[in-house]
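Listed below are the structures to be examined.
Note that chain A is present in both complexes that follow, paired respectively with chain B and with chain C.
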Partner chain A sequence: MMILRILEFFIFPGALFAIVLSVILMWLVRKLAARMENRVGPPFLQPLYDFAKLLAKERVYPEKSMRLVLWLIPILQFSVALTMSLFLPIISPEGLISFDGDLFFFLFLLGIHGSSAFFLGWMSNNPYGGSGSGRAVLIELSFEIPLSLSLAGIANVARSMRISEITLYMAGVFFTFGSFGKILLIIPWSLLLIISLISTLGALEYNPFSAGHAETEIVAGWMTELTGPDLALVKMSEFLNLTNLSVLIAALFLGGPPVYEIGLYTRFVTFLVFLVKTLLVVFALAFIKTISSRLRVDQSTEGMWKYLLPLALGGVILILLIQQYGGA
Partner chain B sequence: MSKRDYTEFNLGPQHPALKEPETFRVVVEGERIVKAEAILGHTHRGIEKVAEQRDYNKALYLAERICGICSFAHNANFARAVEFVADVEVPERAQYLRVLVAELERLHSHMLWLGVLAHEIGFDTFYFLVWNDRELVMDALETLTGNRVNYGMNDIGGVRADLTPDIKGLLMRKLDELGPRLEKIKEIALKNKTVISRTKGVGVISNELARKTCVTGPTARSSGINWDLRRDQPYFAYGDLDFDVKVSTDGDVYSKITLRIEELFESMRIIQQVLEHLPEGRIKTDVRGKLDGSAVSRIEAPRGENFHYVDFRNSKEPYRMKVRAPTYANVVSSVEVLVGHYISDIPVIVAANDPCFSCTDRTLVIDRDTERYQILTAKELRKLSIETTKEEIM
Partner chain C sequence: MSITKYLVAGKTALVNLFSKPNTVLFPNEMVETSEDYRGTPVLVPENCTLCKKCERICPTLAIKIEKLGDVEHQFIIDLGRCCYCGECEAVCNFDSIHLQNVWMTAEMDREKLKRISTVYKRRKK
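Our next item is the complex of A and B:
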């Protein structure tokens, strides 16, 4: 049993599977964006090729940069992203690690991941890196609060702070249109879903919130001075984060992998349903990314604080009101 | 404020935002620009000097290679200047054909610009969309002249390729296809919220500044200067054609988008008229022998006013050739408006003037403080380059 448990952590549905899924999802985002832009798009294994090629390249550090930081933070980012992936409900509503309040531990890890980008850019002694790190941390600060709020709203619906419990609740809620209040909840649910999708774009630094590495302005932003394996790890943690966030949204908002009792195939069907829901979220992300242009950092911050944050707050309050008076 | 709060920031000579090597050196405080200057001269190729060693038939093709995008404008402008010196009458059919190619070139140049601007604001979807539709124009140009970029359409005294009924039919088809696509482009460019937020009110060149810095072309027209050589000093066959000159008064990047899109539709109108009313006759008058005298020719290139001066002293080779491409006039204004904007606005503002640095580069050194300028000789240039290299090695 011990060996099985270890295999679960390292192979399926643990680390290795998360990496494979991330590479596939990354390819999907790139391919979808390409097809929407009338391009052919990359071949299936392109993200993996990129990763492997970068791993084989030598490290080059700029003068007067802090090598230790440039060397350590990519490892930190990668390990944080990999740890986050262990919380994800993939073949059952329960992730590999699950405890009360894990949802907010997950967000905490996301915060670490985002803010580490700041040090990376700052320590690289490059004006592009410095500017990019400032932008990255600004965007990070602005998207995190609406994202946390919208997840908190959903946690409130399920009356739990545990990812697995929320997932179970949301998987069941589609089949139990019990009271009028529950149907009313669709309004704040869709509002919070949109908000969390938009903030996910910010977390992943996709268009329109890609100011942190706007190539036509500051080359690669905080990633400018990264080379070889360092860049490969940062890229891989970016891929992993795409998986983490899209799976999390699929789980918390769409119910993730539900439990259907169909005998032998239970796990398989659960896994398939999980994949379909995740792909839906990824498609939505790729779509928003494609139809928008890059906002300036002040514009994206302003948008987050002025519109997204009050809307998220409103959504949470609406949920509380419905729960109080609608009998949900 | 201490000195350490400012950062010097280089855009170029190698930078993803610039398609040609040019340096924009800005001093920023946080994200805001407090000082900006443009350092030109990375792509100086000495075309004017080379032209002095070629006879006018060969210099014509050299002029075409000044710029890859508005190659026809340079080519036709040089041909026109030489025709003034030779004092020949260009057949009417050739004049119309020149208008046809010039307007097709304007179409593809403006669409190229729109795509580049979309890329600068990170809207790659729109960039691919526009460039895909631009292929229709490129196909039309290729069928008509044989080339996609340097058309080789002009000859001194006329044009080299005629418009046969077959080609005319094909052109008509391409343009019919292009019309609805332009409508779609217009709708996206003018209604997309993110495009508006990145371009509206950004990089405003006021009428005053436009006059002070002598901008030309769409840049000038977007700042309320009602000036278009096609209407005000008609050349080729523009005098016979009916078209409007669009003017906007806002001066920001958004108004440049609207203006150029409107110009696209005007160009379509002109092309339709040319195809309908193309007169019959010869397409070329021969010009032979040595020439004497000098002439200036100005035409409205897609980017603005294009100036060619040629001087012949009883020779086939020009004694002096002088070119002023529109970017040279426009780049100053964009540097002036950079101050006070964010770093993110630099590519947008610089790209808004449709800069073409290969056209522009001359070895003219201007001292910014004393405003004195000098033209360096080859010897001085060599000395300067050795000195700077030494400094960098040290």
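Our next item is the complex of A and C:
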């Protein structure tokens, strides 16, 4: 049993599976974006080729930079992203790690991941890195609160702070449209879903909020001075974060892997349903990423604080009101 | 950017998703050029009367007509100098020079860019 448990952590549905899934999802995002822009797009294994090539390259550090930080933070980002992937409900509503309040521990790890980018850019003694890291941390500060609020709203619907319990509740809610209040909940649900999708674009530094590594302007932003394996780890943690956030949104908003009792194939069907829901979220992300153009950092911060945050707050209050008076 | 522009962009993206990509796999396929594309100038030696109008009008001195024998002339079009302006085609009264839609002209040697053809002077009737 012990060996099985260890295998679960390291192979399926643990670390190795998360890495494979994130490479595939990254390819899917790139391919979808390319097809929507009328291009052909990369071949299936391209993200893996990129990763392998970067691993084989040498490390080059700029003068007067803090080498220890440049060496440590990619490892930190990768391990944080890998830890986050252990919370994900993949073959059952319960992730490998599950405890009360793990939703907010997940968000805490996301915060660590985002703010570590600031130190990376700052310590690399490069003007592009410096300005990129400043932008990255501004966007990080702006999307974190709407994302947390929208997830808090969903946690309120399920009356739990545990990812597995929220997933179970949301998987069941589609079949039990009992009262009028529950149908009314669709309004704040869709509002919070859109808000969390937009905030996810900020977390992944995708297109409307990609000012942190604006390619034509500040080279690669906070990762300008990264080379070789360091860059590979940062890229891989970016891939992993795509998986983490899309699976989390699929779980919390769409119900993730439900529990159907179909005898022998229960786990397989659960896994399949999970995949379909995740792909839906990834498609939505790629779609928004493609149709939008990059905002300036002040525009994106303003948009998040002025419009996204009040909307998220309104959604949470709407949920509380419906629960109080609608009998949901 | 207003919301309608986002809607238009979204519709375009969805249409593109289900249509054939614009990308062309170059050495095997090529992008089709338009009818009046100005590519390499090609001489039709049968029509040429050696009036040398094209040699005079060529702004980059790409056309050179050299006398070899009594009736034999060498008509040299140097693609390395040619700027594909189409003046020679416009000035020719006998339809003997055309800018065709051939655009792959890369060579390893500059001398190979010279397109040489022989023109025989016609006797006056």
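As a convention for this text, the second predicted complex is superposed on the first by the 328 of 328 C-alpha atoms of A that agree within 3 Å, B and C clash if a C-alpha of one lies under 4 Å from a C-alpha of the other, contacts with A are read in each partner's own complex, and residues count from 1 in each chain.
We take it that contacts are C-beta pairs under 8 Å (C-beta built on N, C-alpha and C of every residue); 3 or more make two chains touch, one makes a residue touch a chain.
Small disclaimer: the values here were computed from a predicted structure and weren't measured.
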Combined model on chain A: chain C and chain B, fit or clash: clash
Which of chain B and chain C A:Phe287 touches, first, second, both or neither: second
Partner chain in contact with A:Val23 - chain B first, chain C second, else both or neither: neither
Which superposed partner A:Val234 touches (first chain B, second chain C, both, neither): neither
Partner chain(s) touched by A:Arg39 [first = chain B, second = chain C, both, neither]: both
Which of chain B and chain C A:Val297 touches, first, second, both or neither: first
First (chain B), second (chain C), both or neither touched by A:Leu309: neither
More chain A residues in contact [chain B versus chain C]: B
First, second, both or neither for A:Thr216, with chain B first and chain C second: first
Selected from 19-27, 145-153, 235-243 or 307-315: the stretch of chain B that, after superposition, runs into chain C: 145-153
Chain B and chain C contact sites that coincide on chain A, given as residue numbers: 36-39, 290-293
Parts of chain B lying in touch with chain A, wherever the complex brings them together: 7-10, 15-17, 28, 30-31, 118-126, 128-129, 132, 192, 194-195, 197-198, 342-347
Footprint of chain C on chain A - complex, ascending: 32, 34-41, 287, 290-293
Contact footprint of chain B on chain A as seen in their complex: 33, 36-39, 127, 130-131, 134-135, 207-208, 210-211, 214-219, 290-299
Chain A contact footprint on chain C (complex, rising order): 1, 6, 9-10, 13-14, 16-17, 19, 21-23
